[in-house]
Every structure is written in C-alpha cells, then in structure tokens.
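Shared between the two complexes below is subunit A, which pairs with subunit B and subunit C, respectively.
Coming up: the complex of A and B.
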C-alpha cells in the first residue's frame, strides 16, 4: 500500500510537467539475462526521457522481446539495474511494476478472448480501482461509484479507439486489426506512463498501419506517454521514432536517430550479412 | 410431498457447493477435484461444534430458552464451518499456486483424500462408523420445512455473493486469469492473490453447505465426501457452462433430478448376456445404468458443445441490454 501511495504522490507532484524532456523515466544499466548457458541479453543500457518515442529493432532472435519481458518484470534479470520513474523496480513482480505505470502489448495478441471488449478494457483499470472485496459483495457505495467511473472511462477509451460499437462482443470475434487496437486500449486503461509495444503493426496493411501511427502519436500527446516499440516494419519505425536502438545477439550494436541508423554499417551487416542494400531496401519487412 | 421437500433441501446444499466451485473452476480456471473435501471439513466442523455446544438441547421437555440456545449453537456451527473450510482453502491454495491444470487437480484430489482418511481414523469424529449430530433449531413435523428454508436461504446467499463478486473488478480479475494468466499479470492483476481469494471464497461456501448438511441430516458418514462427489460437483459446473452461473444452477438441478426421477420411475431396460446356454434376456433398472448414461451425456457434450450447455450466457441478459452504454446509466 505504501508504495502505491508513493506512486500517487510522485504522480501528483510531477503531474503534467513530467513531460519535461529532461525527466528520465526509464534508465537501464548493464542489464543481462541468461537462460542456462545462453546469453539472451547482455550489457543492455537504455535511457528513456519522458515523452520520447524510441524504436527497438533487430533481426529475429536478437533479444528484443526478452528486453520487454525483463523491463515488465516477467523475467528476473540475471544482473543489471532497472530504474523506472525513479524507483528501482528490479526483481519486482509484474503487477507491481504495472502499478508504477508501465504497460505493454504482445507480439502474439493476448486478449482475454471470451471476455467482452468492454471487460477487456476494464481489467486494465483493475489496479486503479480501489474498493475491496467486501465492498463488492455488499454492493457498497464505494463499489457503485467506482464501477460507474470505470464504466465511463472505459467508454471514453473505446470511443478513442473506435471500438465503442463492439463493446459487448467477445474479444475473440474481432477482426485482427481491431484486436491489435483493443490490446493497446487495454494497456492504456492501466494508466501507463511508459507504453511498450511489441510489433504493433505486424500483419496490418499500409492504411491500417498509417491509422495506427496517427493514433499512437495522438495518445502520446494526450496521455503524456513515453513509448518504446519493437517493430519489424522499418518504414513504420523510421517514420514514427525519434531514436532507434538496434539489438543483435542480445547486445546493442547501434543507437541514434533514424537517419544515423540507416547509414550505420554495423546495422546493415547485422540485417543483411556483409554486402547488400541499406535497411530501407527489400531485405527487411519494409516492402508492402 | 415429504420427499419433495427433502430433494429441495438437498439441491440447495448442492447449489452452495457448485456455486463456489464455479468460482474456482469456472471463472478462475483452476481445476479442482477436491471440492468435497472442503464440504467435509465444513460438515464435520459443524457436527463437532454442535456436539459440543448443544448435545441434547431439544429433548421432549425443551424450554424456549434451550430452543433459542440450539439456534445459537447452529449459528456458531455455521461460522466455525465456514472459517475452518476457508482456512483449508488457504492451506490448499497457497502451495498449489505454482501448479496448474492436471497437477493442480491431483493436488486438490490429494487434499480431499487426506481429509477423508483423517476423518475415518479420528475417533473423536466418529471414524468410519460416522458421526451423529444432535438436532438443532427445531424438531418435529416442521423440521424439514425449516431446513428447506435454511438451505434455500443459504443457496440464495451463496449465489448472490458469487454473482456480486463476479460482476466487480475482482471478478473480472479472476476471469482474466482463466483467459490469459500472463496478460493478466502484466495488466496489474496480482495473480497469486486472486487465486488464493478464489479458493478461500469457494471453500467458505462449501463450509456453509457442510454446516447446513450436518445439521439437516443429523448423521455424517465419511463415504459421502468421497472422490466421486467431487467429480459430480465438477461435472455440474462443466456441463452447465464454464462461464455461466445460470448454467451451473440448471445443471446442478438437472443432474440431481434425472437420476432421482429414474429411480422413482423404476423403468427397466432389456439386456442380453452371454451364458453357457447362449444369449439370455434379462433386465436392468435404468437408474442403475445412470453412470453409463452420465458418461454418454458427457462424451456427447464434449463433442458437440465443449463450452457447456449455456456457455457464458446468463439469465440476466434477458433483462439487461448487452450494448447498453454505461454513460446512459451513470
């Protein structure tokens, strides 16, 4: 409880000005994870300033999703430090880290398939709903007020994500693109300051991914969001990200602005082996 | 008529059990085949408390005061039974959190067998011969009606509590664990805590069922709380529809009534058996074939409708519009 209070305090003191560009929301130092003898990630350093939009790219098996799993607490790091929003979150269980303001989406969509669209989003609000089990059983005022508030906020999110008319349908019945959108809406319900997106436009066509890009940009401004995203669609990453980190074999091989990354020989080598065209070329998933 | 009242009471006791189990298995997705164990804990705790507090308060010459005391003893027994059962829920829940699916099922089965074996070997609980529970609340002709009322109230209470829990943020957290434990964890649901909550809650309701059962039957036998009872309860939840409380209620009533009705009807079916003298025609009562019919129903259901009779349909949909906009209500 004490920590929750601390979070609320931090939120109220930093408030809107947490968008200040020098506020470091995430700082990762020397993060490493081994599975048995396999070093999935090693020497991973990353600093995210509030409001930044950073892309994490790299060939298959480079350890991108492992980094996400480490940041969210789903894997325990073998070594290294993760500071999030000023707190050392290293070794905390995932649900606690979520309470500090981190949310993610998944590469292979993980919605609550049999629950309705509305209830999927409502689960996101769970940790911010503060009535107890007894309040629910006895239908006390705290329950009614809180549920009304959650229902209203859910409605707003569904409107924002253009899912309002699907609210009563089971999540599994949605078409693919809408499932992706619902997953982001659900993550937004958790009230994140840092949103981790694992291949948000995978399997989407050009126009769908353009819409999503506009939506992400809008979210970023409206919710003071910091975003870290994994994406194979290089065109998408180059268009939306301000900074790109390239991972290969579990290590950072390059980091910088999209233009710098494009011309970095190490990146070209990692993607295409020695020789070949630039990352903008057909070797990557950019051709659609 | 007397029989009908008995059946109503028994079905209500079953509803308290399946209501709790539908929370554990149906919503949270924890496969438990030891629910009868919680029931046994509740029943024997209540029996023990009543034996201690009200050995023979309701003798023929009972005064109004001792009648009142016997009601108080029953109330105390209910509270103790629910506490003891939920404590067992906690004891089973905590170590079993890392288990899932088949492993959890085996652990819960082990728990209920431990309970049964302890009871069979405990002298103070009557051992294998069973435990007599003195009459409480009331005796005489009205007794069965009073207990039908108590059981109905208990069932209504249980179902209401389950429904209230499920339609809250805590209920959604439970369902999200069944749907995708990983995603649920990463959305801020304390999965560990909610699994324990689910076990404790379901066990408490089983404890309530046990207390009512003990006081109503007046006699407890360990064999009543065996493995098959747990399976029967689980089937009621599964057949009714994993996500539907309405389905659980319907399946509980149906699966209790069908075999009773078959027994009552005394229908028999012809069977042929191979003897030394060739095929011989005999007959078997349909009621005795119930387990076969049961198995066939199960297989057909699993093939045709794996989500259960009602899936996740609830009777409340009849009066609630699914696409109701919440801002219109609030």
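Coming up: the complex of A and C.
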C-alpha cells in the first residue's frame, strides 16, 4: 500500500492545491503500439499541463481510442514512456492507473446495466473504500464509516449530474443522454485528476451537447480537472478545447490551438483528401 | 402427511447441500464465465479437512460436555474445512486458471476437468480409495450417569457403556447393557464387583438434528451472501466484474482480487456443503465430490447460472424432486404397478429438461444479449 500513500502525498503536494498550475500531469514520449504487423499508433508524444482541456481528433481508425487504451493501461505499449502525475505508469494494470487519478468514459457506453444508477457510481469509489469482508461481516466501524462516506459522496455526485431522482433505477433503463452523464459521474467517483472522454457527445442532439459542455466546464473548475477528449463533433471540439491534437494513421499530424488546426493544410488533407474545404467549413460540419 | 413432511425435510436437506455447492459454480461462472468442474473436488477436500480436524479435536477434547462439545468440535471442523476449500480454490485459480484466462473458454473448461481429475487421484493417493465414516460412534456426545441409577429389569432406550475414568478419553466402547434388553441382575452385580460406578449413553446424531443443522446452515449462507453482494464494496465490484470485466478495471476495480475472492467465497460455501454432505451420509471418500458436484452444477443451470438466488433455488428444487420421486415412486395405475424409484435421476432430470425447455436461461437467469 506504499504506492497509495505516495499517490496521496503527490495529490496533496503537487496536484490538488494548484501550487504549480503548469505542473505537467501527463507526459507521453514516443509511444507506439502494433498489433501483429499493424502499427496502430507510432511516435506519439503528448504533454498535458494540469488543468488543460485538450481534444484528440482524427478520422476513423486514426488510433484515438488506441491511445486511450494505452494511457489507461488496457493495452501494453510496444514502446515508449508514459509518465502520469510524476509516476512511470508504463505496463501498470488499469486499476492501478485509476488509483493514480486517471478515469475514462467509453465510446460505446459501458455502464453496468444490471446495477442501479447509485451502485454504478459507488463502483467508481471502489479503490477509495478500505475495509475487508471481515469488517463488513461484523459491521465494524471501518465498514459503516466507509459505506456512509461513499453513500454521501455518491449522493453529491448524483445531484451534480442531475441524476439523483433516478438513483434506484437500473442503469440500462436510463435514456441515452443520461447514460452518458452517468458514465462521467461514475468516472468522477474515482477522484480523477485526468479525465479521458471518448466521444462524450456522440449521438446527442445540439441542446444536449450544449448542456454537457457546460457541465464539463463546471467539472473542470470545481474538481481542478485536466481533460483529454476524443470527439468527432468538430464544433464541440473547437468550442471547448484549448488545444487540439490531430491523429491520422496512428501518428500526430498536427497540434495547436483550434484556429491553427482549422487552417492546417495537413489536417484538411487528412479529413477530406486533397482539394477539400477547411474543417471549419462545410466538409467537417457535415458530420453533425 | 407426516410421511410427506418427513420426505420434504429429507429432500430439503439434500437440496440445501446441492444449493451450497451450486453457489460456488454460479459465482465463479458469474465473474469469469468458467464452469469450474474442479468445484466438486474442492468440496471433497473440504470434507476431508473437516474429518481430520474432527479426528484431531474430537468432542471429548472439548472443555464442554454433551451436545455442546459436539457443537464446538463440529464448528472447529467446519471452520477448518471452509478455510481449506477457500485457500485451495484461490491457489488453483492462481496456478491453473489465471495463466490461461485469456486463452478461451474451451481451454479453461479442459483445465478445470484436469484439475478435477488431479484432485481425485491425489486424494486416492493420499487417503486411499476406500470410504470412511465421517463421525465415529465414539465421537458422539455422551450422557453420563451413575450405575446405581439402573435397576434390574430396566430397559435402556440406547446402548449403555462403561465409563472407566472421568473424563473418559476416547477409549474403545465397552458395552454394559444393550438397548431394548432388560438389565439382568447378574450383569449389574458383575459390573459393581469390577468397581464400575459410572456409565454413559451416546446422544445420537439423529436425522432430524442433521436436517436442522443443514437447513439452518443454508439459511445463514443465504443471508450472508445477500448482504455481501448487495451492501458491500466487494459485492458491488463483483457485480461490476460480472457485467463487464474489462470496464470494471477502468473504475479502479482490481479484477484479479475480485476473482480470487469470488473463488474463495464460492469454495468456502462449497466446503461447508462438503462437511454437511459427509455428515448427512456419514461417509466420505476421494470421489465423493463427483456426483454431488455434478448435481450442484445442474442445480446452478436450473436456477440460472450466474444467479446466486437461482443456484439456491435450483439446489432445493432438485433435492426435493429427487426425494419425492423416491418417496412416491411406487404406485398402481389400474392393474399395472409402477416403480419409479430406480429411475430417480431420470425423473428428476426430465423435470429439469422440461424447465429448461420452457426457460432456457434457468428459473432466475437473465437473458444476456449477445454482444455483436
């Protein structure tokens, strides 16, 4: 449990209290992943400063989700270095990386459909509960206190995500937009410092995605979050992100502010083939 | 009516044992979709652990008397059995199942069958193939009385033995008077001349007592499992892993730990079933886990594999149906005599197949949409 202590120390000294605002929370160097002969991601470099909101875009099959799977430890990188919150997390199992403060949502919603809304969020608190089965059996203090704390924090999160009145319903019975929100709430339960969002507004209509944008902005301030998001909705990405990284064929082809990306010829080429219009123009908006 | 209740009680106690064993199958299947065919052998090993513990710490070694001593001794034996089964299951999972977890279901199934055969034969090597009595007569609690209380012509309801020293060690039983026979004056005089002052009779382990023990053990386990799965962090992570093993990892759930604990708890409850199985039939041997294990697996499928309440229900149902077939198997229809007793299993499984035809996912099982 020494690592857990180290994480807590790191949280209190560098991450949470924002002494150093430009603390580098994630640093990825020369990350590569091949499946058999196929190079899904190669030469991927990324640096995220604490509090940044960065978009990761690219055409289908560009390797965006693979990057998420590498960062969260689901795939073992073929080569490269991933440093998260000052720790080398390369090759660690996903649950350990989550303990260090990285949480994610999924492109296809992956809620625990059988479980209630409340229990879904409570699972997110998993690594923050510390009692054994013996404690639970004997209803020791450790169990009661820990469960009471989890219940209270879950209640707060559900209020924040306007899901409090659905707490007892099975997750799968929620409408689509609420399932997306619940996924983020569940990720927030893990107490992340870096939140990875895989297509958070996919399938949402314009007003739903506007609401989500407001919510994300609020989370970012209230929880001092750093966010990296994958999104195909270019308008959404341009509106919310401070910096955008464009991936194509597993490699970074461009990186910069939204304005720079809009006018980058390599990006236009990747999205539309030669002779297309700018991402800000008709071509990319057509995906909405 | 009495006969029916008697049979129902018998069926329920057999069913409770199936149910306790079925829980292990269904829990493990629930988290990693593995039919752990070695589970019956965990049950067998647990029964032996209980047996040896009972031999080492018999009721006569307990500081209490009578049924209290038996209870204490049985509790120690059960704790030993439960822990042994749990630790064995965790070790087997770690050594045999985890390395091939990603290799596919057929590989895992074959490994489970391999572990099962290994444990059976290992058991035969270590303790021999012949069956043993789980509880010897001498281990039963004793009711001590003075010899002077008996008069010639009394008819003792149970065998009366000579108590040589106090407290009596587990020496060979030396019979003083036989049950149901009038005490002869010369026998009494003979004992008195030998200087015998105290005698004792054995408090028998009746079928009724066994039934109560077994059914209350099941009830306790149901309560334990319900609270564990519903109200604890472990229960939530177990449900999460069961629903989406990959997704749960990203929520900070240590999947390997959840799987280990699931094996431990499933096998521990199966181990309790093993002790009760040995107690119920008062016999144990290295192959004793095979048939009850198979029936418990069937019970788990019947109840809906992956569902803990389903396994409990399936076990009880299978036990009762089997027993009622035996109890009411003889009947006459017109002039033809039917005897279904020997077809006990066939009839029980016909019921099973019928239920599964109507509800392929099992009684409490949920239809799981195949992910495309």
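By our rule, the second predicted complex is superposed on the first by the 277 of 288 C-alpha atoms of A that agree within 3 Å, B and C clash if a C-alpha of one lies under 4 Å from a C-alpha of the other, contacts with A are read in each partner's own complex, and residues count from 1 in each chain.
Following the convention adopted for this analysis, a contact is a pair of C-beta atoms (placed from the backbone, for glycine too) under 8 Å apart; a residue touches a chain by one contact, two chains touch by 3 or more.
Since we're looking at a predicted model, the values are computed, not measured.
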Side-by-side fit of subunit B and subunit C on subunit A, or clash: clash
Which superposed partner A:142 touches (first subunit B, second subunit C, both, neither): neither
Which superposed partner A:103 touches (first subunit B, second subunit C, both, neither): both
Subunit B versus subunit C as contact partner of A:160, first or second or both or neither: neither
Contacts of A:151 with subunit B and subunit C, given as first, second, both or neither: first
Touched partner set for A:168, first subunit B, second subunit C, both or neither: first
Partner chain in contact with A:253 - subunit B first, subunit C second, else both or neither: neither
Touched partner set for A:81, first subunit B, second subunit C, both or neither: neither
Dominant contact partner of subunit A by residue count, subunit C or subunit B: B
Footprint overlap on subunit A, comparing subunit B with subunit C: 72, 74, 93-95, 98-99, 103-104, 106, 110, 112-115, 119, 122-129, 131, 133, 136-137, 143, 146-147, 150, 186-187, 189-190
Of all residues in subunit C, those that touch subunit A in their complex: 224, 227-228, 231-234, 236-237, 239-240, 243-244, 246-255, 261, 265, 366
Residues of subunit A touching subunit B in the complex: 72, 74, 93-95, 98-99, 103-104, 106, 110-115, 119, 122-129, 131, 133, 135-139, 143, 146-148, 150-152, 154-155, 165, 167-168, 186-187, 189-190
For the subunit B and subunit A complex, residues of the former touching the latter: 161, 164-165, 167-173, 175-176, 179-180, 182-191, 197, 243, 312, 322-323, 325-327, 329-330
Subunit C partner contacts - residues on subunit A that touch it in the complex: 72, 74, 93-95, 98-99, 103-104, 106, 110, 112-115, 119, 122-129, 131, 133, 136-137, 143, 146-147, 150, 186-187, 189-190
